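Consider the two complexes below, in which subunit A is the common component and subunit B and subunit C are the respective partners.
So, the complex of A and B:
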């Protein structure tokens, strides 16, 4: 056996697959363990044989960037091995994602929680941008949450390096609701600002608990965007009418963000507004965002471990606790998979008492900050 | 094997923004593909010795005594052969009009491949084609396999694809490469803003000529021993020594010029394409000492195939047995949820 084959076989032995947890068009995801330590991992098995051009681009991209990017707020690629015609990516195991948390109506978000998620998102993104990598598919569903509450950027299947000057990039990237207007107008030369727009949409979604700009088609996306933020003028965004796919989609007035985000502080709206500036060159950078007054004003960001968790996350950590300590004789016993959220609430610390009061963020009252 | 990373104090990842470690040091290139000259030498020597021992025993297994008069390649000869195919990549890239990034990446892949493999197992003629095709994908300049192979004489899609996994594995799936031409571009931009301005014609001339030297440097081992910016500055100094010195002085790095000098010497000394006669002779001998397990149709090749098939058969039988057992032992109402899931996972595992 060749040295390379041997090394691959040794790698493969380090990991075991336990059960299938998901299947997509080009990959199957398993939950697995590191054989030596029992540490939980996710194994993404990419079927390669089915592509006539060999290793497919999204697999290549994902592996290329995750191999280079080691950061607390970027998902860790622990290993890569191949098996016959499959490529297996061993990733750190993460409990849930921001979309599931947003959709979990039993959870209440405090402004400090949103600030914490935003800080972690910007940190991860700043690291990518510092390494000349555009993510190009940011959305709540791609922001994964670890059991300790840390948020991690994931799914680098559409990522790429900054293009050299003069080289075009595709504008068919970023999930529609999070896609910036320059891409909708067909810009082929763009920058880190495309990711910032997506983060702005996520920021708004965290406050609204529903997608901020849910367009039904690419054309409707422009309309939805302009309806929310006003149609850009030549002065707002010089040259945008010259973009390849520019079409006028009607005149909408600018309404202040304050009208929709009634409970947000001035700092919050200032940062949100800077993420959603039409002119990409004026949009805030991830690095600037991290120094924005929003992050230094009260309330300070929640500690990741104190962030709201979904019921399944709590059940998972509870089961882990039970496995380590004595069995709770008053508890429902091991047969019950997930305890109802109310029961679990009692386990929360004093800081969380406020959460049981309101079911939803109330925008009718100005925030107490 | 690779350069030991300088033990840095454990940096809180959240504090990363504040740490002063250069980005380059976080790259896989710095961590896994940089060597001291001694390490590089040793790596190749060991690889070559081990390969010869393995091939010799394959020959002997086939017919005893058959390896005694075979002249195996030395690692220096292996390098010469690889060097020739580095220049073939450049030719192909010209033909396809691929950007410089594709060319530079493919060349790095080819050279890295032969730090893990021997030409006696895998001929660079094929590996070169796969490395280039893979590089088009990793640098975001994809081309369909059909368009690729139909433009290269006597090449079928399978010639390229069959080796793709092997090449990717040999690269440890580390596809990102930090390039010298990019570093040179940066120096060139800087040089336009020196305290005492340099006439633009001279700058342009120096840049163009330095870029030629960058091409030359790709034939050498420079990328395994030095940083991209060191090599770039060396190339500039070969093109216009005074300009390179002025840039270094303006940057406060003139103390590094000694290292730069070493790189420059290496580029001029080793950046020579081996003569066709020499390579032809190596290639002739390679035909005799090639690993028979990799020659389709040979006894050793057939034996190896049979062995792989036997192993797969054992594995299949074991799985079938497991499934049968699970069916027999299993409660018809499927109470053993976890075990059941286990079997399903195994079933899907075609590896």
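So, the complex of A and C:
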């Protein structure tokens, strides 16, 4: 056994896997513990076998960037080790994600709650951007919530560093509903503004409690966007007609945001509008957004510990409290995380799926009544 | 008025034409099977739709291959399929098979009257495949859990598919039947168990659906009752108003106004009561949320909670730099890089920042300088 293998074995021993909590295309997520302290962790086992030319790209990206980024609003990568042919990422365990909270109809959001989530998102994003990392897959599903209410950016599988001149970047990133128009038009040179657009969409979704721009295809996404915000003119967005995949998708009039967001304050709509400016260079940056009057106006952003929690999260935190009665309340505490059952895409409710299958022709049934 | 009536009639006629059947030159869509009978006859077979009815294939071009009677001559023509997958009309079946088993007029196989099934699919080979698969599925109902490894399960599925294919295409029928019989003898217990499991699942599904239906019914009843009550209340109000107008000699206009106001108030109370359930719960939620808010005080917003930007004063960005690598970007004032939001200044800032980031950082203790 050489030195590397020995070191790896030592690392592996620090963590134990408890149970499987989720499975995606590239990885299986387990809940586990740190052997020494009993702290809960999530272990993401990357399936290496199926990739013919080495490691999966998204795993490489995730390790590459998470290893560099340490911030309270970015998920922490605690360790990396390999077991047999698999690569294992040890991540902070987080209870839930923003999508589950948005979907939970039993929760009521105060304007202060939304402000708090937005501040945490912008803080995490500002940290990535200041370190020249684009997240490129921001959506409620990838904003995880810790048991103490802190919001953390997760899933850096599509992240990359930017600001190297002359390198083309792919425009096939970001989940469609949160994808900015410059990517839909095929821009190969872009910057931090793409993430800001996604945050704008999430901001709107937090207020509406339903996705703001749910396009059915890439083409429809452009149409949906323009229907909501008006078709951009050459003045709004100079040069957009020269983008590689530019196609005219019809003229829609501009409607003020006020018409859809009737209850929002002027500050709120001002910030939202600045996140959803067509011209990427005019779009607000994460740093500027954090100094926007919206965040300073009353009500103050909710304290993270008071933010709405899903039922499962409450149960989890109660269990954690019971299990560890002498926890240091000021410390980071037992960070917990549950991978949502399917992190890949939204689904219709489970009932519908089950039924549609059951109603198919069933050959095993007796023939006639 | 009359034009509306006429267009309506046209619509109805069109609708009925579609419902009645199709002409041959219509698109294939209109030839899809249509629900035709609820088939509780002695005839078996057919494929059931979700409501438990059998859809029967039906087309205007139906013709009995035996007596050549067609839908024009006999509008009530109903074609049934024999166990050898030949069609014939009900009257032919009566004529040929009432006196007991007789040979099929087309292929001479001995047939019985009771073995005719209604036709569901236009293509009889599909009909045959469905019934073969149904039969096979009844016998070969093992599941993945019944096998130790996936490989064995796949082999099993392969065998089932072979048998099915043989039966459908009439290959080695006796041998295949023997295989099925052997399998049946070997796996009788497991097959029985799986059948029971499937039945339990179907039962559960049915119960769930029934419960949903009941609930819907209940809700609809509730709604109807509420509507009736409202109508009665309105009727009462009107009667009261007329009574008071008759009896008192106060100003009529004022009486009407007062009764209007009352009615409005009552209507508001009714809507409030109707949405009370919802209102109450959301009000409760909000109250809970607000109560929670007072325990930990919210603090004013602090944009950044670290001192990263303290390093900003270590350098100043210049207007422009000599940078051949980014020349393409800078020359492209109006083009694709600009519209995409790319800024060359970011590249320069990154280079500068990387250059100064390590200044004044105390070296880690215990590390040897390399």
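Going forward, the second predicted complex is superposed on the first by the 320 of 369 C-alpha atoms of A that agree within 3 Å, B and C clash if a C-alpha of one lies under 4 Å from a C-alpha of the other, contacts with A are read in each partner's own complex, and residues count from 1 in each chain.
Note that a contact is a pair of C-beta atoms (placed from the backbone, for glycine too) under 8 Å apart; a residue touches a chain by one contact, two chains touch by 3 or more.
It should be emphasised that the depicted structure is a prediction, and the values quoted were computed from it without experimental measurement.
Student: With both complexes overlaid on chain A, does A:38 touch subunit B (first), subunit C (second), both or neither?
Tutor: It touches nothing on subunit B or subunit C.
Student: Applying the touch criterion given at the start, work out whether A:291 contacts subunit B, subunit C, both or neither, answering first, second, both or neither.
Tutor: second
Student: Who does A:68 touch here: subunit B (first), subunit C (second), both, or neither?
Tutor: First partner only, subunit B.
Student: State whether subunit B or subunit C is in contact with more residues of subunit A in the superposed arrangement.
Tutor: Of subunit B and subunit C, more residues of subunit A lie in contact with C.
Student: By the touch definition at the top of the document, which applies to A:189: first (subunit B), second (subunit C), both, or neither?
Tutor: After superposing on A, A:189 lies in contact with subunit C but is clear of subunit B.
Student: After the superposition on A, what does A:130 contact: first (subunit B), second (subunit C), both or neither?
Tutor: both
Student: Using the superposition on chain A described above, determine whether A:300 touches subunit B (first), subunit C (second), both, or neither.
Tutor: second
Student: Just subunit B (first), just subunit C (second), both, or neither: which does A:108 touch?
Tutor: second
Student: Tell me the contact category for A:86 with respect to subunit B and subunit C: first, second, both or neither.
Tutor: In the superposition, A:86 touches subunit B alone.
Student: Indicate the residue numbers of subunit A shared between its subunit B interface and its subunit C interface, in ascending order.
Tutor: 72, 123, 126, 130, 163-164, 287, 290
Student: Can you list the subunit A residues touching subunit B in their complex?
Tutor: 2-5, 7-8, 12, 17-20, 28, 30, 48, 52-55, 57, 60, 63-65, 67-68, 70-73, 80, 82-86, 123, 126-127, 130-131, 160-161, 163-164, 167, 287, 290
Student: Give every residue of subunit C touching subunit A within the complex, in rising order.
Tutor: Residue list for subunit C touching subunit A: 39-40, 43-48, 50, 52, 54, 117, 130-131, 133-134, 136-138, 141, 198, 202, 205, 282, 285-286, 289-290, 292-293, 295-301, 303-305, 308, 323, 325-326, 328-329, 334-344, 346-347, 349-350.
Student: Mind listing the subunit A positions that touch subunit C in their complex?
Tutor: Contact set of subunit A toward subunit C: 72, 106-108, 110, 112, 115, 119, 123, 126, 130, 132, 162-166, 182, 185, 187-194, 237-240, 242-244, 279-281, 283, 287, 290-291, 295-296, 299-303, 305-306, 308, 355, 358-359, 361, 363-365, 367-369.
Student: Which residues of subunit B touch subunit A in their complex?
Tutor: Checking each residue of subunit B against subunit A gives 13-14, 16-17, 23, 26-28, 47, 50, 99, 101, 116-117, 121, 133-134, 137-138, 140, 142, 144-146, 157, 160-161, 164-166, 168-170, 172-176, 338, 341-342, 344-345, 348-351.
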